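Both of the next two complexes hold chain A, though its partner changes from chain B to chain C.
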Partner chain A sequence: MTAAIATLVLVTIGVAYLAVVDRVARSFVAGAPVGLATLAAPFRDALRDLMKERRPTERPDPVMWLGAPILLVTLVFAALTVMPLSGEAVGSDLSVGVVFFTAMFALIMVAAWAAGWGPNSKYPLIAGYRFIGLMLAYEMPFAITIIAVALPAESLALGKIVAWQQAHVWNVILQPVGFLIYLVSALAVAFSGPFALLASKDLAGGVELELSGGPRLLWRFGHRALLLSTAAFAVPLFLGGGAGPFLPPEVWTVLKVLFVAGTLALTGHLMPLVRLDWFMKTAWVVLIPLALVNLFLVGAVALLFPAWFGSGG
Partner chain B sequence: MGAWLLFVVTAVIAVVGGYMVFRFDSMARATYALMGSFLAVAVLMLNLQSEFLFAITFLMMIGEMMIMVMFMIAFMMNPAGLNPMMMTHQPKAAAVAGIALFVLLTAVILVTDFPISDASPPPDVTAAIGFEMMGGSMLVFETAGVLLLTGMIAVIALTARRGRFGGAIASRRAAGEKGEGHGHHHGGGGHGGVGDHAGHGQMTEHSPEADAETDDSGHSAHSAHPGQPGDSEGGEANDASAAPEPAHDHHGHGKHGGGA
Partner chain C sequence: MGLIERLRNFAFATPTAFPVVGAGGERAWNRLVGDGAVSRTTAPHNGDILLLTGLVPPSWNVPLRDLFETFALPRAVVWLRPAGADPTPTGLPVLSLDHWDAQTVRGALLDPAAVGWKALHDDVPPAEWRGKGDYGQGGEGMMGGKPYGRPMAMTMMDTDGLNLGDLPTGLGPFFPHLPSGLHMKLHLQGARVRECGEARFLEADVHPDDLLAVGVAIAPFLRATRGQPMAIRELETARMRHHLARIADMLALAGLEGLARRALAVAGDVDAPTVRDGLSEIERANAETRFAGFGLLDRRMIESAGMAGFAARAAGLPLDRRDVCEAYRDLGFEPLVEEAGDTAARFRLLVRESRQSLDLIARAGDKQSTAAETPTGPLSETAGAWRSATGALLAHLPMLLGGRLFSEAVMIVASLSLSNEEAMLP
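On to the complex of A and B.
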């Protein structure tokens, strides 16, 4: 129970942090002054969403429409149950942790398509459909790099992957290419930054077009929490989990997560929105083969130096 | 106790989800109900202490059902459930078959003397599955994998817009169809699909001169899409009944009336 409350508090703080980073970056890029009002703006927006009347559409599918934000938030918290803050502070160190959170992230498709279908409106529907079309291109490199991380540790449990990195070498040093591919696909899976194709300006807001009031707030909360969680898993997978001097491991994990998530959130303001067909092709022709080469190299190293590998030493 | 509760909840969701597939009008809801049913079955794997099978079934079922929802909506006539539509056919025969199957399966479960193993599962079930797949049964799994891959590549090659012989028209010609006449025949059907001519039946019997006219009047763009979904459906279904509508279309394609 305390773990659940702690997760809720941490995720809420993380989402607020991402919202503020986003807002400050937007003002900064636009050359507008950044003051206290800028910092407070995301919270003012959230309150405004809550106060607003809900705007219906003609003959929506209310169950799927309202179910989508709920599912989005649920899947994020479900995935985070296997996220270790330290060796002890973890909801549940499943023996198949990495497969578990990948399976939970697959639910993004379900929530995204339902959000597009629900309002019975053109632009959300197009956004939902095209996201499904792209999701395979996103998820393949995502999953393949995760397999390459599990390979040297000889375990699918996040705890053992972290222990192996602390005993040997961080995965970001062993497989930097894998880390980069993970970051790109983590952004894409969370439909954020340059890959914000589910709720983007080119479709008048995509699935967010018809959302209003509480459901809109919940969807935006889930969206930011999703980016936070995909960024968070980079820490136990590549950045040695809670390893670091002086501070306790839990604090180190949180600091690393905030750094990775903040960096990812900034990319949306520094890069243009990717073109759909271009990224689809690049993902299949460049990212997936690159991820496979990375997997092959890590496997070759594991075969050549067997004594050096193995879980925990 | 916890395991028992998990079993009851997931079993109920699996059965009710399966039932609701046939109660919903909307294809989207029906597919999501089916997905819920399958995901509940995946969670049942946890009861069998097989975490890996749970996670991988969960992952696969989501992917499959999301593709399913595309096809259901593309091919069913009432995707959103906005019109009344029955999801069930031959209800009496189906009920008899269902009940008979249920009785049969229940009888099998009750009569069979299932062996009860007191061996505990291996410490790492995932590793055991991996050794089984990559050890003793490797040949079987690898063969199945290669076969599936072959099938996938073949399907992509056949369905891609650029097929084995290039673009759509070139492919048809290479496949031995008479290119010219065929294209025009479908072109006529295509116009029918847009708004349907009253004289659709005659339209298919173009004289060569009429065909030439069709090209002159700039409709070649239409005939370049012989596979438009509207083609045959619109042409066959509303022949004369759609007479008032086509008047509009008729003006636009005046030369067709002349040809017929």
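On to the complex of A and C.
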């Protein structure tokens, strides 16, 4: 129960942080002054959503429509149960933690599709299946890089992956290409930054077009929490978990998560949305082969230097 | 003031507006967004204010009412009325203002007794839903047509040889980041536009003198067309503002919202160093990669259609009436061209021509010209009938949009620099 409350509080703070980063970055790029009003804007928006009426569309699928934001938030929190803040502070240190959180992220697709289908409206629907079209292109490199990270530790438990990095070397140094592929595909999983195709302006807002009131707030909360969580898993997978001098490991983990999440959030203001055809081609021709080469290299090192591998060395 | 009221004032201090930009309304809108007085939404459900700027032709009233009806409460319609604009849009609970007054707007927005809070339509479906009909319509084996008033998809072969539902639908007349009043009839197959049946602006037929009275953006060009010498500074300032607003639309469609706001802010400013910095930032963002390779309007198509102006220059044809004007030639003017003719080429040309306008403004002094070249292209009048580049481009839209992805189709339209003010001319 305590872990659940702590997760809720931390995620809410993280979401607020991402909303503020987003606003500040937008104002900065726009050349507008950044002041108290900029910092207050995300809270103003959230309050505004709570005070807005919820508008129905004609003949929506209410279960899918309302279920989408609930499913999104549920999946994010479910994934975060295996996220270790430190060796001790972890909701559930499953022996297959890696499989569990990637499975939760794979199911995000269902929430995205439901959000597109639910309102019975053409632009959300197009946004929904556009996202589905991208799925294989980003899920494959995402999964392959995670397998390559689990290989040195010879374990699918996040705690053991962190322990191996702390005993040997951080995966970001051992597999820098894998880290970059992870970040790109994490952005796509979280439909954020250049992959924010689910709620883009070229579809008049996509799945957010027909949302108003509480469900809109919940969807947007879930969306930011998803970006936060995909960024969060980069820390135990690549950045040595809570390793760092002077501060407690929990603090180091939180600082690293905020840094990665903030960096990912900035990309949306610096890079245009990707083209669907371009990304699919790049994913199949560049990202997936690169991720496989990364995996084979790590595998080769594991065969050549078996003593160096294994949990905790 | 109670707590709820305080929270409400805080929440709606910067209202979210869905803009509908009429003739002569672009500058007011750019200024509001640039100053951060309102934030923009592309989703009416999420809007607080339906913000009308400029002259609104009567033919827009019914679609505007339907649009406003989708706004969630609290909501209001605000019309930023330009001096000399008449008549007031009807059928809507309009708060008419000469200038932006945040307090008055918030008052209208948050007052539950305001007319804007009441439903304009009865909340009934447009046609009764009766499920499967006597001949199978509405059920399995959809056969097209409009059973019970609803369009039904009919399967057709798509480009990959698959049988895919074909959905007849409309785009506009107030689609975000496209000129207000533009309406298109499309057939969608998945995310692709199979066919664009028609592209036109809602009928307006406004007398040019009425457009001049409200200070439309094309006013200097209208006067030049009538043979009145206009200051080159004024012509080029209008061109640059128009281009920057189109750049902002394209950037927003490419997902670069902050940069789009910057383009709008400098469009309202027209201070040379600020605009130059803004344009450099836009070039650095490399947004054109999002637009490359589609929306091709090449040299051959332009020549066979006898088109000129902005789209022609983006396809490598240096067709510009300023080229034959002595005052412009004295300034060393030469038409800028791009070769590719696609959406990216038009985006690049918008940026380059904005910079060229800045240079011309700096060097023009008090030189005057009658070159009737609007930001979109040549404008002419024969016996009261006006011909504009917008009209010529509209005729080619169906050919350009057919077979494109929906998102590409929207970007193609945004890149053509269409002007609803030109379309309002008789």
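Quick notes
Here, the second predicted complex is superposed on the first by the 313 of 313 C-alpha atoms of A that agree within 3 Å, B and C clash if a C-alpha of one lies under 4 Å from a C-alpha of the other, contacts with A are read in each partner's own complex, and residues count from 1 in each chain.
Quick note on the criterion: a contact is a pair of C-beta atoms (placed from the backbone, for glycine too) under 8 Å apart; a residue touches a chain by one contact, two chains touch by 3 or more.
Values in this document were obtained by computation on a predicted structure and should not be read as measured data.
When the shared chain is aligned, chain C comes close enough to touch A:S200, but chain B does not. Judged by the touch definition given at the top, the superposed model places A:K281 against neither chain B nor chain C. Within the superposed three-chain model, A:L156 lies in touch with chain B and out of touch with chain C [touch as defined at top].
Within the superposed three-chain arrangement, the count of touched residues of chain A is higher for C, of the candidates chain B and chain C. In the overlay built on the shared chain, the residue A:L270 is in contact with chain C alone; chain B does not reach it.
Contact with both chain B and chain C is seen for A:R59 once the two complexes are overlaid on the shared chain. On chain A, the surface touched by chain B in one complex and the surface touched by chain C in the other have residues 59, 129 in common. Considering their complex, residues 25-32, 37, 41, 44, 47-48, 50-55, 58-59, 122, 126, 129-130, 133, 194, 196, 200-205, 208-213, 216, 268-276 of chain A touch chain C.
Chain A contributes residues 59, 61, 63-64, 94-96, 99-100, 102-103, 106-107, 109-110, 113-114, 117, 120, 129, 132, 135-136, 156 to its touches with chain B in the complex. Taken together, the chain C residues at the contact with chain A in this complex read 7-8, 10-14, 16, 36, 41-43, 45-46, 48, 70-74, 125, 129, 167, 169, 175-177, 188, 190-191, 252-259, 261-262, 265-266, 277-278, 281, 285-287, 289-290, 405-407, 410-411. Across the complex, chain A is touched by residues 26, 28-29, 32, 35, 51-52, 54-56, 58-59, 62-63, 65-66, 69-70, 80, 82, 124-126 of chain B.
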